[in-house]
Each structure stands twice: as structure tokens, then as C-alpha cells.
Amino acid sequence: MDMLFRNFRYFIKEGFSNLARNRLMTVASVTSVMAALVILGMFLLIILNVNHMAYQVESQLELKAFLKDDLSGEQIQRIGEEIKGIDGVSSVVFESKEQALEKFKKQLGEKSYLLEGLEKDNPLPQSYIVKVKDANLIKDIADEIKGINGVDKVSYGQDVVEKLLGIIRIIRIVGLAIISILFVISIVIISNTIKLGVFARRREINIMKYIGATDWFIRWPFLIEGIVLGLLGALLSVGVLALMYGYTLDYVNSRLIVFNLLPLSDVIKDMALYFALLGSLIGAIGSGLSIKRFLNV
Amino acid sequence: MIKFINVSKKYDKGIIALSNINFEIESGEFVFIVGPSGAGKSTLIKLLLKEEEPTSGTIIVNKKDITKMKRKEIPYLRRSMGVVFQDFRLLPNKTVFENVAFAMEVVGAHPKEIRRKVPMVLSLVGLSDKADQYPQQLSGGEQQRVALARAIVNEPSILIADEPTGNLDPDTSWEIVKLMAEINKRGTTVVMATHAKDIVDAMKKRVIALEKGNIVRDEARGVYGYAL
Amino acid sequence: MDMLFRNFRYFIKEGFSNLARNRLMTVASVTSVMAALVILGMFLLIILNVNHMAYQVESQLELKAFLKDDLSGEQIQRIGEEIKGIDGVSSVVFESKEQALEKFKKQLGEKSYLLEGLEKDNPLPQSYIVKVKDANLIKDIADEIKGINGVDKVSYGQDVVEKLLGIIRIIRIVGLAIISILFVISIVIISNTIKLGVFARRREINIMKYIGATDWFIRWPFLIEGIVLGLLGALLSVGVLALMYGYTLDYVNSRLIVFNLLPLSDVIKDMALYFALLGSLIGAIGSGLSIKRFLNV
Amino acid sequence: MIKFINVSKKYDKGIIALSNINFEIESGEFVFIVGPSGAGKSTLIKLLLKEEEPTSGTIIVNKKDITKMKRKEIPYLRRSMGVVFQDFRLLPNKTVFENVAFAMEVVGAHPKEIRRKVPMVLSLVGLSDKADQYPQQLSGGEQQRVALARAIVNEPSILIADEPTGNLDPDTSWEIVKLMAEINKRGTTVVMATHAKDIVDAMKKRVIALEKGNIVRDEARGVYGYAL
């Protein structure tokens, strides 16, 4: 036990002093790890935000339940409550015949003179405007509402909504694909970098073996080195990303774009954690694997 | 202690470095291995350390057949021997002190023990004032003495030295050999491959002479040879 | 001259044999270069396509010149020719009052009953639909058309068009920023990789110097090595990208998405050329720079 | 040919490797440099090659003050000397043949010339059958002979050898030294740092003896020393 602890102190000391003594290698490795993770992080941020936007779009989707003309106030009330009671409905707002006409006029804009005179005999129906919690439920909820007594028709811009949901789905798939590719590539780059660093010291590893060091005795400092390289690269990359993202937020917010981006603090903490884990893990595995062939003496 | 039974070693391209070697070294012996350049002396030592595998034959070290040894046991075999390599094999990124200390760290020695022992052996080989230098900042002879210091620091039961005086002047060479004789007197088996005719002739120890991979002579109180 | 040529043959032989002898290093370096360039290329492709889409959107933008009601066929003809004569106009199509009403009805869809009876006294104006070559010219062209005798009003959905153009501009800026960042990162990764490879052979470089080799004599094989590493990595990355892009095209085309992507052959040839140049250049510069410090003996 | 004027060399940490050295070697001389381990022999050679810079003093080689030499001229200085380094400095990724050929490629020799010359010098040092092996596949003595082959292949006007027989048996050592004497007879200046007492004593050539960085003896037909 005592010996184990002693060894561990030695491993840590050794790992760090190797980093200090091979400065050129350390700098090159750390910047490469950082570079790879900056790329990964950049696109993670983009995709998280696109996802966030898609969510915002989805949450703005609504469906319209047109009511029959000959309903009493009470019946209308009852229908509203019934709709509210459906699972997945988040809000229900009533639109009278007059409000509908007003809206339509606004939509037509300069051509609104075409609707003049319709006020007396308004042909537009009264309706409930329903928002749903999950865009994908919109079709099911529409069907359910259609079954309610007093509801004439349900419309939710089937074409547009379905197309939109399709596009969002594609964006998510593409995003996931890109992130997966970037993930693999980052691993390749980081582990290659570590490998080249180990390669540069192949003879030292041999010598240690000849003196009677066990595989693990040699491996530990390299693992620690790999972990530290990965960790340093990861933390630096998170720093760079935080800076870049901060500037982007400033820029975007100053232009008042329709969508609002995820706040810095929301994303960066998780990213720091996962990148630190990822960096040190690949670092450790990278050195562990690449040291192997040089231990066989 | 050490026993070679019908040991042969062929390298690639049909190079026969050792052919059908048989000998036995008892515990506590002092043995010179001599022979011309390329005779197979270093190969013999590499086989002992399992740096190379024999093509055929059996090698026994400390009653164990090391040709059948598992990979995991090799480090412990190597620790049982202190070795001065012909090409020194010092770690370039470690100081003289650290190079010697490393051999102790490998066996899990206590830091206190390391701090006590390393300066001791460094002074034994006359390098106390070079403790903080890196190998590439040393003269050839100094590097060779660091290698020796590292070999003896763990007080191994077998000390193997491949040409440990090749870079040393006659005076220093003698001091080193006397040191090894001293260590031998305290019970350590010493195997020394060397070209130093004067030393071999004066020591009157057992001499195993190799030539082209064969043992041509094995004398209890031998001399280097008849040439020169 | 003869000696120069001889040396050059030696340099090339030497460069290649080093690659073969340090296989582990070669494989690690080439895959890292490849990985870096795959990322760069992937986003280059995405951004080229987004740009292409933006161009398609822009080219579909049109403006409408409403004509006064009381014009003779000759006058209408003349106005059409005048518009055609304006710089930047790519096509001009006439829309009669009847066509306009038909279109409007289609737009209203189920509410088209509102327009019934308007056929006899059609209030909608006749117009020319004008397409322009460059979306950014749309405002200037609109102003010019407005000055033509017989033109009543010009409309091009000012708000929407300007917003759209704004968004396209932002996408292009962001794309350029991302590509620039990726470009820098690729250079960092590639040159670090080469650096680590040179680092692993620092002692050899020293020895050559001690034997009396000139800096350039040592440098050339390393430069050639760097060039070959960069070139190999670049060509492999183009291969990977071509494969990836091919699959993407198949996927997208089978789903019949509104926009059409750039064809493989259009982009991959240029990319191969530029990546080959980029890879070999960074490879050469990377080895040239990192060898420097080891030559000073 | 070679002239040291008040040359001193201090390393870091105040290590004085050479202090105020003065000597002159004429063209065609054969000079032994002897002295205990760490005396400064290799340092002296490193100064000649501009591997290290003197702390003070002037070094003249072939009538040129090399301490004032431009960086660009250094390769040509080094080519004018053939050097056997104490640590061999063979290129690990090149075969024996290629290692020797490299020295010729460096000076832009014709491939035909290389194919003719390299086998010749390899046979001279007795390594014809090892041409295709890599340095790490050679015995210590064989590596040393490759280093010698490389040093002489360009027929330099000065041959410098740092401990060229440290890994060689007495017989081979003598052959090597005779070869160097032969080369010397054909007009090449030879400077050899060595610990081989027998050889120095038998050759009766000029001996410069160093001790702790000082010249303690410079005799025209000297011996190794008085010790042993």
C-alpha cells in the first residue's frame, strides 16, 4: 500500500517533468488537441443553437379549430374547455368572426379594399387557436379536436408544417452526422499527436524495459502525460470557444435577430466538463496504445 | 547460477552469433568473456537478459529456465541482474542522479533509501560532482561509470558488464575493475565481457573465450589470449 | 548542373525511403493531415452549397411593375422593351388583368369565393414581372422602372427581400469566418504533426550536420517528405470527401428537396487541386520550419 | 595545419574542460591525445569541429581562424576532416553501406564513385559482409569500424579519431591503428584520442597528455604515461 502510493507520487512527478523537459513536443501536442476540440466545439455550439431555434419554431406552431356558426356562448366555452383538456395542448385562444376578418384584411394589405362591405355579412368562421407542446403531436391533436361536437374543421397548414418538421428533422440528422464525423476525426488527430510524441521517445521506453521496469511502471507516467496533454488542450479549447461564442453573442444580440441564441453559461459549463473528460480519455488511451509496441522488448 | 545448455543464436540473413554454447557459472564466480569483435559476447549477454531469444537451447538463471519464462516475469529477471550495457543506455532526459535513482525507483525503493544510496554509488565511481548533469554533458568515460553505478546500486546477485572499461583510461579502468572485484568478494557473481588484455591477464580469473560464436577456451585462471 | 541533378535524385530517393522506414510516423502524419483536411473540406462543401442555394434564392427574386389601366397594346409593348433595356434585368414577362385575378384566386385557396363576381369589373392591374441578374441591384432597377411613362407602381416585397438579402449576407459572413478558422486550425494541426515527426528524428539531423552536410542538403529530403505527407493526406481527404459528398447527393436527390446541390464533379476537381497545393505547402513549410532548430549544431 | 592559441572552454556550472591550451600540429603528423577520463580530449575535438565554441582563444585549421568562421562555412570545415566520434554517431535508419555512402553524398560524389569506394573502405575495416545491416544489428566493435570507414572514405586531409579502438579486441585494434598509420604515411594528418596504452607506447609518435583541462606533457616520441 505504502509502495503503491509512493509509486503513484513518482508517476505523477515523472509525467509532469516529462512534459516540462519535452517542451517542443508538449506545445505541439497541446495546440493540436486544442485545435481539434475547437472545431468540435464550434460545431457543437452551432448545432445546439440550430436545435434550439428549431425548438423555438416548433413551439410557435399552432392549429386552428373552426367552429360552426350557430353555437351559443356556453357551447363555445365548453368546446374551449374540452380542447384545453386534451393531452399536449399548451394554450387555447378564441378568435371571433370579427377578429378573423380584421386579421384577413391585414394579411391582404393594399388589396384589403376587396373585402369592403363584408362586415355586415361576415363569411369567416369563428375559431380556437391552439398551441401544442410538441410539434410532432400536432396531427394527433388535430384529429382529436375534429371529433368534438360543434367543431366544423381543423386546419394547421398541413403542408407547411409537415415540410417544416421534415426540414428540422433533416437538419438534426445532418447535425448529428457532422458532429459524429468531427468526433471521430478529433479522436484520430489527438491520438495521432500523442502517438508521435511517444514515438519520439521510443528508445527511452526500451531502455526502461531493459533495466527491469514493468510495463505499468513505464506506462503510468505516459498515461498521466497523455491525460495532462488532453486536459490542457481541452481546457484551452473551451477557453477559446467561450471567447468566440461570447463575441458571437454580442454580435448577434446587437443586430436583434429573430431567434435568440443559447446563453454562454448554459453551454460552456457542460462543454468544459465533457471536453475535459474526452481530452483526458483520448490522451490516456492514445498514449496507452501507442506505447505498447515499444514495451515489447 | 547461470547455465547455458546447447544454446545457439542465429540472426536474420543466416548470421550465426552463437553456436551450441555450453557452460555453467557458479554463484560467486568472477568470469571474463573475451573474444574478437563480433565473436558473440554481447549476444550472450542479451540472451541472459531476454533482450534476444535463443534460436535453440536452454538458459538457466537462478534455477529457472528463462527461455520458458512468461512475459510478465521478464522485468524481475532483469532486476536480479545489474547490467552495464556496451552502449550505456542512459536515459537522455534524466540527470546522472536520476538515471541511477531510476533503477531504484523501478524496484520500488523508498525515497529515503534512494537519497542515501545514489550519492554513495556515485562517489564509488568518482562522479559525485556530476550528479546534476545530463548524459550528453558527460565524457565517454563518465557515461560508462554512470552505467556501472546504475548496475550496482540495487546490489544485484549477478553483475554483468559488457566492455565496462572501453572508454576509460588504464588508471580508472583498474579502479573500476577493483571495485567489481570487491563487489564480487561480497558474494555477487560477476560476468564481464572485455577486450582489456592487461586486466584479464593480471586478475587471473576464469576466462571464457569466444570466437565466431564458439567457445574456444574456458580456463579457471586464464589469460586474455596468445595474440599481441 | 550535373551535381545539382544528382543531388536532387538523392533528395527524392531519401525523402521517400524515410517515409517507408518510419512507417508508424508516416501513417500517423498522413491520417492527421487527412483528418484536418476532411473537416476543412466538409465545411467548404457545406458553405459552397449554402452559397449556391442563396444564389438560387436570389435569382428567383422578382419585382412587379404595375401598369396604368388605360394603355394601348403598343404602349404596353414599348414599356416592356424599355424595361428589358435596363442594365441587370434578365427577364420580363407580361401579366394581364385576367391572369392576375386567376393567380390571386389561387393564392386565397378555399377563401377564393370572396372574389366571385369580380371578373366583370376586375380591379387588379396589369403588370410586368421582372427578374434581375443580381439581387442587390433590385432596388436600383425598381427605381428606374418607376420613372418609365405608363408605370403606375413598382413592388418587390421590399421588407421580405431586404430581410432575405440580410440573412443571406450573414450566412455568407459566418461561412467565411468558419472557413477561415478551420483553415488556420488545419494549418496548426498539420504543421504540428510534421513538427512532431521531425522532433522524433532530431538526433539524426544533428549527426548529419556533424558529418559536414549543409543545411539544404539535410533540409531537402525533409521538405520532400513533408510535401509527400501533405500531398498524400490531401488526396486521401479528397477521396473521403468525394465519397461522403456522393452519398449526401444520393440521399438528398432521392428526397427531392427544393434546392439542388452542386454536382460532385464541379466541386471535387477544384478541391483536389487546392487541397493538394495546401497540403504540400504546409507540409513543406512545416518541416522546413521545425527542422531549423535542430540544424543549429 | 592545426593550431590552438590560448584556448579555454568552460561549460555550464563552471566546469572547466580546457584551460589555456596551446599547441600546434603540422601537416602530416600523427598525434596521440591521452589523459584520464574527463580530461578534455573529446572537448578538444569538439572545438576543432565547431561542435562547441571555445570560451576564449583562437583555433586555426588549415590557416583559417575557425572561431571567426561564418555559419555557412562550418559544413566545409567538417568535410575537411574525417572524424570517428566516441559515440559513433551512425544514422540508425541507414545500413552500414548507406552510412558510409552518406558521407560521400554530402560532398556530392558521383554515384559511380560511391559504388566503387564504399565497398573498398568496408573491406579495409573488415566489414564487407555487414554492408546491408543496420547499426543496431552490429556489435560494438563493428559499429566503431563503420564510423572509421565513414571517416576515411572521403580521404580527408585530417583524420580525427576519438577512442577508435575502445570497443575492439587487441588484434583488431592493432589492425585499425596500422591502417591509420598507413593513411598517415600517405600524407594525412592524424589526431587520435585514446586510452590504449599498449598502442601509444608501441607507436612512438607524438603524445599530448591532458589532465583536468591542462596539457601536462607534449612529447615528440612519447609513451602513454607512467601509471600502470
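Observations on the structure shown:
Chains here go by letter, A, B, C and D, matching the order in which they are written, and residues are numbered from 1 within each.
In the analysis below, a residue touches a chain if its C-beta (ideal position, glycine included) is under 8 Å from a C-beta of that chain, and two chains touch if they have at least 3 such contacts.
Predicted model, so just to flag it, every value in this text is computed and none were measured.
Within the contact network of the assembly, the step distance from subunit B to subunit C comes to 2.
In terms of the distance between Cα centroids, subunit D is separated most widely from A. Between the Cα centres of subunit B and subunit D there is a gap of 28 Å. If you average the CA atoms of subunit A and of subunit D, the two centres end up 67 Å from each other. If you average the Cα atoms of subunit A and of subunit C, the two centres end up 25 Å apart. Chain centres here are Cα means. That of subunit C falls 62 Å from that of subunit D.
For subunit A, residues touching at least two other chains: there are none. Not a single residue in subunit B touches at least two other chains.
Shown here, the protein chains touch around one cycle, each chain meeting exactly two partners. Going by the touch rule set out above, the chain pairs that meet are A-B, A-C, B-D, C-D. Residue ranges of subunit A in contact with subunit C, taken from their complex: 24-25, 28-29, 31-32, 35-36, 38-39, 42, 104, 111, 113-115, 118, 123, 170, 178, 181-182, 185, 188-189, 192-193, 195-197, 199-200, 202, 244, 255, 257, 293. Interface of subunit C with subunit D (complex): residues 3, 6-7, 10, 18, 21-22, 201, 204, 207-215, 217, 297.
Every residue of subunit D that touches subunit C in the complex is listed here, in rising order: 49, 51, 72, 75-79, 83, 85, 89-93, 102-103, 105-108, 110-111, 150. Residues of subunit B that touch subunit D in their complex: 11-13, 34-38, 41-43, 86-87, 132-133, 137, 139-142, 145, 162-163, 166-174, 195, 197-198, 224-225, 227-228.
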